[in-house]
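Input: structures, listed below.
Shared between the two complexes below is chain A, which has chain B as its partner in the first and chain C in the second.
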Partner chain A sequence: MSDMTPQPTPPRPRRLLLPLFLALPAVVFLIVFFVAPLFDNGMRSILTQDGWTVSRYVSLLTDRFYLGIIGQTVLLSAGVTLISVVIGYPVAYFLVRKAGRFAGLIIFLLIAPLLTSIIMRTFGWQVLFARRGLVNTLLVDELGILSAPLRLTNSPEIAIAALVHVLVPFMVLSIATVLQGIDTRLEESAKILGANRLRTFWEVTLPLSLDGIGTGAILVFMIANGSFVTLVLLGGGLQTLPLMIYQQFNTTRDFGMASAMSMILLVIAVACLFAQLRLVRRKGA
Partner chain B sequence: MKRDWINLSLGAFVVLFFIFMLAPILIVVLVSFTSAGYVSFPIPGWSLKWFARIFEYQPFVDALIVSIEIAIGATILSCLIGVPAALYLARSRSRWASGVMTFLLSPLSMPMIVIGFASLFFLSWLGIGISFAALLITHTVVCLPYIVRTVAGVYSGLRPAYEEAAAILGANPLKTFWHVTLPLIRPGIMAGSLFSFLTSFDNLPISYFFGSSSTNTLPVVMLSYLENQFDPTIAALSTLQLLIAVVALLIVDRVYGIDKMTVAG
Partner chain C sequence: MPVAQREAGKGLLLTGIHKSYGKVAAVKDLDLHVGGGELVALLGPSGCGKTTTLRIVAGFEQPDTGTVEIDGEEISSLPPHKRHLGMVFQNYSLFPHRTVAENIGFGLRMAGMAKSARDERINTMLDLVHLQGRGNVFPAKLSGGQQQRVALARSLVVNPKVLLLDEPLGALDKSLRESMQFEIRGMQQRLGITALLVTHDQEEAMSMADKVAVMNGGRILQIGAPADIYDRPKSRFVAEFLGTSNIFEGRASDDGSALVVSGPHGPFSLTLPQPQAHGQPFLLSVRPERMTLTPGETSDGRGSGFAGRVVGAVFRGNYAAYQVDVPALGRELFVYRQADGPLGSTTYHLGQAVVLDWAPQDGVIVSGE
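After this line comes the complex of A and B, so read on.
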């Protein structure tokens, strides 16, 4: 911290306030190749051969079929987020408070899967639950619980499990970061004042870690919302916006409609981004 | 006694959690070494034939090369435009800086399938449609944030004193950058580049839209292979990819420290 004390020689070389043009190439690049395509996409969603229309949005937001898809997208992401909180929290708590010398190993085990390909993990679920996969082999041949293999792949449960598998590490790490910063003396005080472990957790630790849950939840929700590889391969009949865009592009080839769906997905993503910024700013204050 | 019981069940839960986390990955590694002609359990014997099969199937080899070229190209491009921006943003006192930072990181928050879909049409309109260049540009959009974030993170933690010293001793800005700043931010560039490489290497939702016989990346070919076939070749390919990822992670840990890159927010 000694470098924080004022220096006797104030004149800093002015060069150190690096000039703005250093950021220019990156900003211009993103304006041209990120913002412009999205803007163009927005235009495509309202243009027709002879003018413009909002009819695509009207049908997306009123038609039962499309409303169902939007509902399923949001519900699936919310469900995955909720499950990730419930199973991620104890792991984060263990990591910060109990792991001791295993903390490094746990962090490695959490991060390593993040770097494996999405195809590998999806394939892993297929292998586990295929007709002749590990689970069926165990249930039928080894344990003899069932007489015929179950049809397990392509069920919504497996798809949800696979999404949680991809996203729960983000949740654990977000919660762990905040737990790390909680002063344990607050918990000790609660205990000294007579609260039992459960009450201490419920009234002290959990409220103090809400920011971590929030950060993790937004992140998980955001990624779940746009995920489609898992659903293409393990879908289980789930219909979500990313899947519909994929299908519109491949088979129906109604690009105007696919653009409108993209914009809906984008609006949800931007809402998440703003929520994230608010949370970060509040933490910083 | 009650405390022990709580701790014990917490520990058991964590063990179960990691079984859940590792099972789908380890099972694929296991299957990649099977001698059977299909995916089955228990594994009848060990063999490396599925790894050999990768290199016999030309689309995999072509796609692997495209994937590596794109991942390296997008990472270099991201460094070229991202490092200067990160340096500026890390030290800037302008009130615009945090807004610009948010903007440069924002591609991470947008659904990749939307970026891919929108870019295909936009780049086609620009006349570069489905091409290596289009793929490279669009991958750079999602790789750039990783470079900016890690380099800005490292640089803002550095004291300006080193650069000031160099400047006072008469080094010009370029010299100062080359001999002082660059060595100091190298861990950030390394870590950001590895993330960027792996992000591009594993990307499917963008690459999918730019697929053609000469621009198919590995994940795109794997997806179409998986949609028609279910054999251990995919397992062998995945194991190979995992190996690359783990090596990359170990390198990052060596030069940068795992604890500094945990939260993805």
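After this line comes the complex of A and C, so read on.
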């Protein structure tokens, strides 16, 4: 065993053909329905009738109006994400630590809204909050608390509420997965060492569940960023990138500008994915 | 044990503890006293209530009835963080997001100690558990034994009134376990800390504890010094859970000096260590290492001993374990003999005819419990 120099390995037989062949359907599918449209979209965003230009990107990234829209999009998503964390964390905690045999039911109730069509769900909010909807009828006619109905639909608040409603399950499940993995004996150790419940949560539970919050936040942020139907039906004048893209396409018919905007949206999404990758890597290290 | 450690009112006192989960009683009417500076081991199979008892002391479980007192002060209604205890878990339970030093200093920080004073105590503790200079490392970078030493340091640095040890060595390999037994025991004695150890490992209990309490079915069956519990078990369960025992079942003879046991070829009597009341049914336990073997077909005329045949022989290093079939008894008995034969084999071999015997005073009368 004194000779430790590695023996030259014999050339490996070329067995690449079969895997390549098997991967072909997926590769073709991705090329036709993903790479090609993306490429086409990218080209549209820089091509004009007589050559190519980055002027659309320049105006998107310098014009106050467009910057405002990008800002509003990011702000809306960030707001929805924050509210989802605040609402989702206690639910996840209850689900993992207290629910016991009701955990399955809670998960079903969480996922049930996702099984409904987004348009149905959105109209549901209309029914609840319309001028003569359930909430106003209750407040004005039944309870007599108010003299005139509130204007509840078509406001940013309702749009945010509707988005949170749909996206909170993603947050809850991400956090619950991580909470599940935290050994309760860690919390018991903290208590024995003199930490009360709040301190234990702050020192042990919360730091150890940050990964779940991170994953959930990225998911919620990305989906909120691309949300469209909810904002069209309930948005109340909120201007976000997806709405602008729709407008450029259908009203202004400026396909180039619409393409450029969607590329910006894509870049934000890629940045999110990159952030998540960093998070996962750090955890693996 | 030094008398000074048995100060009245010192240590841990459990009185009338009862705890059920639904209809299942985990702990039944348990009384236990751990004297100041003493280490008592709760030993028993899983589900015997030893862990529940420990968790009741820690405050993680509330007993249905009964009280917990530490140094004369009733603490039953206090939450865990106000009980001033230390606890070491089987899986170490170190905070993975904190360095070794931060782990050790956690309890001090919770107590509001200033950083400079904390650092000094942490360094003293690191020296004590032979982890000098490893303070800035995260627990995941340490070996199992090192992690367990950090856990020990973390629980001792706060000067707990009682140290709770929940299967502390269960996750370590055998060789490391032995040295950690000495280390934990040494530190506990040096600091004079009252300690309660929960384990299912009889060797761990016997080598670390001043007193061993054998538990089964939510009750303490017997409590005493390790040698006392091992050599004078009161019940069949204790005799069989702590080591191995050969149990004989029968009734006292007419004069009460022997145990009459029925065998396939008629009854025979075994001389008892102490006379018993006539006709009473009871059990006699004889440890395998108290049995003697001599080669040969029949007894040598002294009238004692049973002829048998070796049907199992296991080499265990310093001793050999034999299974000897005794036709007169219609059963097999366990015999441990020191390795004194030629090197490289057991003294007796499979199929060999032997005569099996033991001194009457090596038998122990036990209850059937």
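Just so it is clear, the second predicted complex is superposed on the first by the 260 of 285 C-alpha atoms of A that agree within 3 Å, B and C clash if a C-alpha of one lies under 4 Å from a C-alpha of the other, contacts with A are read in each partner's own complex, and residues count from 1 in each chain.
Everything below uses one rule, namely that a residue touches a chain if its C-beta (ideal position, glycine included) is under 8 Å from a C-beta of that chain, and two chains touch if they have at least 3 such contacts.
Keep in mind the model is a prediction, meaning the values are calculated, not measured.
Colleague: Looking at A:183, would you say it contacts chain B, chain C, both, or neither? Reply first, second, both or neither.
Modeller: After superposition on chain A, A:183 lies in contact with chain C alone.
Colleague: Under the stated touch criterion, which partner chain does A:67 make contact with: chain B (first), chain C (second), both, or neither?
Modeller: Once the two structures are laid over each other on A, A:67 reaches no partner at all.
Colleague: Looking at A:58 after the superposition, I want to know if it touches chain B, chain C, both of them or none. Which is it: first, second, both, neither?
Modeller: After superposing on A, A:58 lies clear of both chain B and chain C.
Colleague: Determine, under the contact definition given at the top, whether A:165 touches first (chain B), second (chain C), both, or neither.
Modeller: A:165 contacts chain B only, not chain C.
Colleague: With both structures superposed, pick whichever of chain B and chain C touches the larger number of chain A residues.
Modeller: After superposition, B is the partner touching more of chain A.
Colleague: Applying the touch criterion given at the start, work out whether A:47 contacts chain B, chain C, both or neither, answering first, second, both or neither.
Modeller: Neither: A:47 stays clear of chain B and chain C.
Colleague: State whether A:204 touches chain B only (first), chain C only (second), both chains, or neither.
Modeller: second
Colleague: Mind listing the chain A positions that touch chain C in their complex?
Modeller: Result: residues 183, 185-186, 188-196, 199-200, 203-204, 207-208 of chain A touch chain C.
Colleague: Which chain A residues qualify as touching chain B in the complex?
Modeller: 3, 12-13, 15-20, 22-23, 25-27, 29-30, 33-34, 36-38, 40-41, 44, 87, 90-91, 93-94, 98, 104, 106-113, 115-128, 130, 132-134, 137-138, 162, 165, 168-170, 173-174, 176-177, 197, 215, 219, 222, 225-226, 228-229, 232-233, 242, 245-246, 249, 255, 258-259, 262, 265-266, 269-270, 272-273, 276-277, 280
Colleague: Given the complex with chain A, which residues does chain B contribute to the contact?
Modeller: Residues 2-3, 6-7, 10-11, 13-14, 17-18, 20-25, 27-28, 31, 38-42, 80-82, 84-85, 87-89, 91-94, 100, 102-104, 106-107, 109-115, 117-119, 121-123, 125, 137-138, 140-141, 144, 148, 159-161, 163-164, 167-168, 173, 176, 198, 201-202, 204-205, 208-209, 219, 222-223, 226-227, 230, 234-235, 238-239, 241-242, 245-246, 248-249, 258-259, 262-265.
Colleague: Could you please specify the touching residues of chain C with respect to chain A in the complex?
Modeller: Contacts found on chain C: 58-60, 79-87, 89, 91, 93-97, 106-107, 110-111, 154-155, 158, 164.
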